[in-house]
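These notes open a run of structures that come right after.
Both of the next two complexes hold subunit A, though its partner changes from subunit B to subunit C.
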Partner chain A sequence: MELKIKYFGLLAEVTGCEEESIFFSGNSISELLETLYTSYSGLKDKDFQVAQNMELVSPEDKITNTNIVLLPPFAGG
Partner chain B sequence: MSDREIKNVFVQGAISAEFIARSIVKHQSKNQIGAHNIFLGQVRADVVDEKTVKAIEYTAYQEMANRKFHEIREAAFEKFDLTCMHIYHSLGLVKAGEICLFVFVSSPRRKTIFEALEFVVEEIKAKVPVFGKEIFEDSTHQWKVNT
Partner chain C sequence: MDRYNRHIILSEIGPKGQEKLAAARVLVVGAGGLGCPVLQYLAAAGVGTIGIIDNDVVEESNLQRQILFGSASLGQNKAVAAKDRLNDLNNTIQINAYPEKLTFHNAMELFREYDIIVDGTDNFEARYLINDASVLSNKPVVFGAIHKFQGQVSVFNYNNGPTYRCVFPNKPGKHSVPNCSEVGVLGVLPGIIGTLLANEVLKVILGLGKVLSGKLLCYDALSSQVTTINVKRKEVKIQKVLQDKKIFQKRILGTTRKVDFTEVSLKEVMEKQDLQLIDVRELHEQPKVDDHRVLRIPLSRIEQHLDEISDRKIKAIFCQSGIRSKQAVSVLHNLQVNNCFSLKEGASEINRVIKESFNRVTNE
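For the complex of A and B:
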């Protein structure tokens, strides 16, 4: 399936883009992360969370939406 | 379930003292209120490796952030006896010394608002996907992390 991945803040600097579409054949968030690490090794040592359907998800969670968002540490306020 | 809609909390640039003053004035006709409490987040000129922060450029995953602000708001109304509550957060560039977050809670009684304001601000810091690029005087930058 085709996924749209968004990167914010520091993560967009690491990937060099704020958004991209990728073709992905796995099931879980962790499998997706492995794929992304192959493209962007710089992501591996970064602290970030993953959101799907506007909620944070865990690596073991299944992908249920074609929009996945990588969020660096929050800095509101 | 509440019938309150998800509002847009974000404003472009710094939140002015005039804007805050107008918000206070607007509440003077709400006669059931006995106490207000206000939190103002201000951009701090932190010094890191002898370089001083001159501004923070805020970005956000706005759709999720507005939803999280809404959930925090709903939780606060559930938990505390509040008459009303307003939250505004900056996007874009906010210079050191300027205001980037304005939280305004009102209640008939004072004790409620002290607890409510702390709850709301801490929830915002922990749960809302807002990102801050701290820009130094020499135009280099680092990414802010809430502690």
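For the complex of A and C:
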């Protein structure tokens, strides 16, 4: 299925885009992450959380929605 | 009062709401990009007691976004400079400036004195400390964080809602996420995010609308888009903080040695001939205790001022509420200083007792 992925903060600098659509045939969030790590090796050493359909999810969760957000913590104030 | 007329004529606030604001106590951690707008709106709104903690000084590069400061504040401590500006904005409220770093030593004691904590800091060390201390003291945290053109807002630990660790369980490595001084920030961004924080603080105090709990609001200034992510409370993360309470307390005391604090009331030692009262609060803290027997040595500098402390005299140590005085007794114990007692009373109470005894003596 085609997933719409949004990258916040410095993740967008790693991927070179703030949003993209990718075709993905896997089942879980962790499989999606492996795919993204292959495309963008710089993501591996970044801290971030994943949201699916605007809910925070864990790597073992199944992909059930096409709307994905990658969310890093921000330090600044 | 005419000052709050536009609040009072709102049926949702009215005189009752304004009274709630006057009774509220809010601690703002960090008087930087986020802290400035938060402080400005809370002071203007008439929040009765505002604490500001920041150990940083105002630099020229701050003026692009830290709107409480001007050229005259350069080189001044941010908490103190912010207090000066806010006193002019609203002189009917109490503003406490703490020109120090938030640490394991002072976090619990400070948090106890406030109802709501605002996290406007610029590093993860402080953010996780604020989270853990707020879980341990059961206080809501209005949280804001920024990165270049984007910001995050949430209210954590509010009515059994999720905490910061429920979103980001682990502290990132020291240099893995840059802050504003490293990558830059659009000046107006902390203004927008900070104003959202002030709004959440007012909602919590007034019980208005829907508080941003269980949600992380992500704002992008370039697209003007808001993405709101739902967050659930993770009991495991919260329990872990609660279980670590002992470790936290150990770090607060800065000692692993168990010390029995000898606590006394002022009346018990008042008449002693060789009494030395030691005020271990920071020098700016009010009210001052004006008595010739009072020696002022802040807890943070006690080791450097040991020579001023008489070994012979009975030392009655006090602070604002009796917590730092216990720490001071513990520190002095470890430094082999004898005859130290922690006073049960805080500074205000001590003033009252001294005044009473003075009146009694002059009436006799």
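Criterion: the second predicted complex is superposed on the first by the 73 of 77 C-alpha atoms of A that agree within 3 Å, B and C clash if a C-alpha of one lies under 4 Å from a C-alpha of the other, contacts with A are read in each partner's own complex, and residues count from 1 in each chain.
Going forward, a contact is a pair of C-beta atoms (placed from the backbone, for glycine too) under 8 Å apart; a residue touches a chain by one contact, two chains touch by 3 or more.
The model shown is predicted, which means the values in this text are computed figures rather than measured ones.
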Considering only the touch criterion stated at the top, classify A:Met54 as touching first (subunit B), second (subunit C), both, or neither.
both
When the two structures are overlaid on chain A, which partner does A:Leu71 contact: first (subunit B), second (subunit C), both, or neither?
both
Which partner does A:Gly42 contact after superposing on A: first (subunit B), second (subunit C), both, neither?
neither
Is A:Leu10 in contact with subunit B, with subunit C, with both, or with neither (first, second, both, neither)?
both
Under the stated touch criterion, name the partner, subunit B or subunit C, that contacts more residues in subunit A.
C
On subunit A, the footprints of subunit B and subunit C overlap at residues 6, 8-10, 51, 54, 69, 71-77
Note which residues of subunit A are touching subunit B in the complex, please.
6, 8-10, 51, 54, 69, 71-77
Flag every residue of subunit A that touches subunit C in the complex, lowest number first.
6, 8-10, 45-47, 49, 51, 54-56, 69, 71-77
Subunit A-facing residues of subunit C, complex
30, 32-35, 119-124, 127, 144-148, 150-152, 167-168, 170, 172-173, 176-180, 183, 185, 190, 216, 218, 227-232
Touching residues of subunit B toward subunit A in the complex: what are they?
41, 56, 58-61, 63-65, 67, 89, 100-101, 121, 124-133, 143-146
